Amino acid sequence: MTAPTEFQVFQEIAKRISNWGRWGDDDEIGTLNLVTEDVVRAAAACVRSGKRFELAVELRQQGIQTGIIPGRVNPLHTMVAINWAMFGEDAVATSDDAATLGLQAATHWDGLGHVSHGGRLYNGHSADSITPHEGATRCGIEKTPPLVTRGVLLDVARAQGVERLPGDAAIGPRELDAAEELAGVEVRPGDALLVRTGQMAHYLAGDREAYGFPSPGFSIHAPEWFHARDVAAVANDTLTFEVFPPEVEGLFLPVHLLDLVEMGMLQGQNWNLEQLAADCAEDGQYDFLLTAPPEPFTGGTGAPVAPIAVK
Amino acid sequence: MTAPTEFQVFQEIAKRISNWGRWGDDDEIGTLNLVTEDVVRAAAACVRSGKRFELAVELRQQGIQTGIIPGRVNPLHTMVAINWAMFGEDAVATSDDAATLGLQAATHWDGLGHVSHGGRLYNGHSADSITPHEGATRCGIEKTPPLVTRGVLLDVARAQGVERLPGDAAIGPRELDAAEELAGVEVRPGDALLVRTGQMAHYLAGDREAYGFPSPGFSIHAPEWFHARDVAAVANDTLTFEVFPPEVEGLFLPVHLLDLVEMGMLQGQNWNLEQLAADCAEDGQYDFLLTAPPEPFTGGTGAPVAPIAVK
Amino acid sequence: MTAPTEFQVFQEIAKRISNWGRWGDDDEIGTLNLVTEDVVRAAAACVRSGKRFELAVELRQQGIQTGIIPGRVNPLHTMVAINWAMFGEDAVATSDDAATLGLQAATHWDGLGHVSHGGRLYNGHSADSITPHEGATRCGIEKTPPLVTRGVLLDVARAQGVERLPGDAAIGPRELDAAEELAGVEVRPGDALLVRTGQMAHYLAGDREAYGFPSPGFSIHAPEWFHARDVAAVANDTLTFEVFPPEVEGLFLPVHLLDLVEMGMLQGQNWNLEQLAADCAEDGQYDFLLTAPPEPFTGGTGAPVAPIAVK
Amino acid sequence: MTAPTEFQVFQEIAKRISNWGRWGDDDEIGTLNLVTEDVVRAAAACVRSGKRFELAVELRQQGIQTGIIPGRVNPLHTMVAINWAMFGEDAVATSDDAATLGLQAATHWDGLGHVSHGGRLYNGHSADSITPHEGATRCGIEKTPPLVTRGVLLDVARAQGVERLPGDAAIGPRELDAAEELAGVEVRPGDALLVRTGQMAHYLAGDREAYGFPSPGFSIHAPEWFHARDVAAVANDTLTFEVFPPEVEGLFLPVHLLDLVEMGMLQGQNWNLEQLAADCAEDGQYDFLLTAPPEPFTGGTGAPVAPIAVK
């Protein structure tokens, strides 16, 4: 009898963690169903000092994108009026701006419509429900319920004793366990996990190419860990979310498939966890109230978000 | 001796409520300085039931803008990839989107750079600090600290016994007092006020023209009320924020000038307060934790926001 | 024996005028194959006085679109730099602009990828060859050969003795014959026809709604007239190109189908023929050199064009 | 007595070639005034074979811009509808697109509003006439008269016996004389000159960085040569138009100043002259009818153009 191939392992995981049908056949929000009012009250109870942390990077032309993902353009911010004395020279003058941006160009959530497999989105919704004209008519990002829950920082880099994980580090159950132990917090149903690799330091230092890839990120075994704990959402501080180049040759974005299609769980990318992590290391509090509502673009398959952690 | 003209009254208010220099000559965030850690802890203490309310309208092509504000375009959402099998037919397929939008087209904050008067922004910063190339180099929206505080709903329409204020209703101290009394909450320093006129019902019913104007909104006497209580920010459910056409003939956007330039206080427009207001009327709790971080466009004079109220 | 229904008539026309296979199975440019070097030389021979006419309307925010065609947005022109002294105050200062626009928002060509029928584009190319990621990979507008040919103005309004055709006027062979006679020019293979209805006067007078529809335009019998003469392209001065509301109830955009899918012939819309027509009426010369290259957006299904007529 | 410095030389040239006031104080089109009806007739007389050449590069995301010119973004082409059966499954289905682009991102004309010096545009118009709200209210690109004239290819690279000029080659009178002699055509008032350096080969080979700079281009002495012959416009096949890095240390974009501000002459950049040049070398005909109308963006300081040469 032979050992299963990595691909067979992956397929087994996919079966075990599927949430299709769990919240009804019409469900379009997946694991966000796990954020109950109890969870929200517990999240509020995490607020002790009143410290707040912004987790988004700025939206700007010299942003994260380097051109390797077609069409995912950095924000172009333009002024359509500057000190415009529309009501005469003595009155107030107004300034106004417009922007063009890839919705997943900077700090964002991947919506459940972001990936499909075999013609199916999460919960079996047809991939054809996404059209150029209307965007995602099923699982659109605008259907996200108000996203506030308990957040837990899993500082994998610190738990491994490094400032930044190497580019080929695949984060699996062992690394998540270690980070949970460092945090001193038990991950619970409905939590949002913020998983720090340290990769963001490249971007903050101005090196977009190094930030892009090779990149540490999740292993195909991480989703099973998320599923076992019934977390509501997971974000990290990388472009690719999962380890890239991929662990298993020829198996591209397997974690995207497991998280988004099978589990119906939002994925956050390009989150800046540096300041939050430094503070958690200092005061030892790794749980907090997290708010992270995606901008409600109708039919969006993802959206920018300006998350805040409150301790 | 004659009574002062309305214009003189306005000028006197401007003098009395100015916050220039109050937080130092370099300050660029104004009344958000009032949101202390104590305020944040008190905000968290408002979370009792765990109920959550999304206050943004959807970002979409058939949105709020009708074309009367030049350049403030409704969001154009486009797909740059749909179920794109970039890694082969058996792998996951990805969908990705891009958008062009006026930053103040839908639910948004006016940043402190949004209006100037006499060549000056809040705190005396030069209006010339806004350039086409860089946007607002002073008071840019990306400088907003993580915006979470206690929110208080002042349901002026309900306090007046109507579903929607008439188009010429100017909200002043008397109306604010009545709404505060209805709320049963004492407005405190650092609070964000959400002031409901009911005007949003027009938009939700599909009538964008009626929503635009005539519109109820603040009187020039409202900012003095805000200043006396040292509130951190004010949002309402209208396009124009202040009553429009204006109260005083020839005096355009005077409330914008008082709030943004003199006080340095963020203004929120096009907030959907309908569900929140219905719930407050039902359970009698008019205070809550509010998170409302603007999307951090570098140099933005305003930005979209997806506010959440948590009770 | 009963008379054929209008729908049967339409189907018969479709069969008769099909150009599928005429220029090979791989052809992607249709009737532009008819513009030979002989035709171009004859076009140049039309230049007698040296008079020139611009036929495009300006690209601007207050343009032709009213919002009824989803996603076809008027141009948003923004400045990304104004007098920017990037090299110091003594050097030149630069200004630079960016724009977002629907490619078919103003004066444009419909490319052969603009419409499909039964899953097929012109010449049987699969409609699936158009993707969100790459646009039209078959029949893309960038494949248009350099578009210069003889133009002929058919001033249908003038030939009918009116300044503007009524909103329900369907232009068929009879009207085209009359306009050709007025022009005193025999339409020949490879010609581009500019057909004037006078509808543009609505737009030029500021009434975008009236311009949109009801609109005079081509009847389903016009394409057969075009085909019999083997013209290379046809443009007019309307939004809808064909009469709208349609002639035959339930048969929408039949002329688009006949022209673009069956014949493979470019259609031009929103062309401003007013000045040219006035001049032709005055000097009696209705033929000219026409240049009208679409902006070569890779994968475009249409594109803006700034046509010039030279007499 | 000492020799004049390079800067003094430049200032003397500026004085000698100024066209301010030449066509009246209100003039906004500069040397395009030189394109008379006689010139246009002579241009038409150049059409002998009927051969046509497209001189624009495609408008696409992977275009010429590399990010070094802030805000000048490559075209983002998106589909807003693909085979959309808006009228039912049996009717035609429509596809439609939208784009965001820097107006000077690809093959374009610099309009006369593109650069200012000392607060002045061409003809003394105030640089303040360009506003974020309206763009260039003087010298806007939409004011360009229908641009058709005689074109002359000056193949400087071929005249110098190379495929591509080296990156530091500054094209002055000597090189222009040699290319004119190679062409066998006398440059005349009202001509548009297309000057080939061969630099475009870098871009066509996929090397955008090498294409950008160092780049051959015009010397500060070239504009005097253009002025002496009263040419109407000049385009070449480079990003920077003039030699870059600049000839004279500390003197940036001096040719832009001389051409646009002093002479009021349109400059064309990123024109693809490769096929045209090969044909001219073969048949020995270097003059042709050129049409090159900029897309008429209201208030544009530049605009994309799809030029055609007809021989």
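A, B, C and D label the chains in the order they appear, each numbered from 1.
In this text, a contact is a pair of C-beta atoms (placed from the backbone, for glycine too) under 8 Å apart; a residue touches a chain by one contact, two chains touch by 3 or more.
Predicted model only: the values in this text are computed from it and were never measured.
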Chain-touch separation of subunit A and subunit C, in steps, is 1
Could the interface between the copies subunit B and subunit C be described as same, meaning over half of its residue numbers are common to both, or is it different? same
Please compute the C-alpha centroid of subunit B, do the same for subunit D, then give the distance between them in whole Å. 46
Per the centroid of Cα atoms for each chain, what is the distance between subunit C and subunit D, given in Å? 27
Of all residues in subunit C, which are in touch with two or more distinct other chains? 70-71, 73, 76, 78-82, 98, 100, 131-133
By the document's touch definition, which label belongs to this structure's chain graph: line, ring, star, complete, or other? complete
Subunit D touches which residues of subunit A in the complex? 61-62, 67, 70-71, 73, 76, 78-82, 84, 100, 131-133
Touching subunit C in the complex, subunit D uses residues 36-41, 43-45, 47-54, 56-60, 69-73, 75, 77-83, 86-88, 91-104, 113-117, 119, 127, 130-132, 135-136, 142, 145-148, 251-254, 256-257, 261, 289, 291, 293-302, 304-308, 310
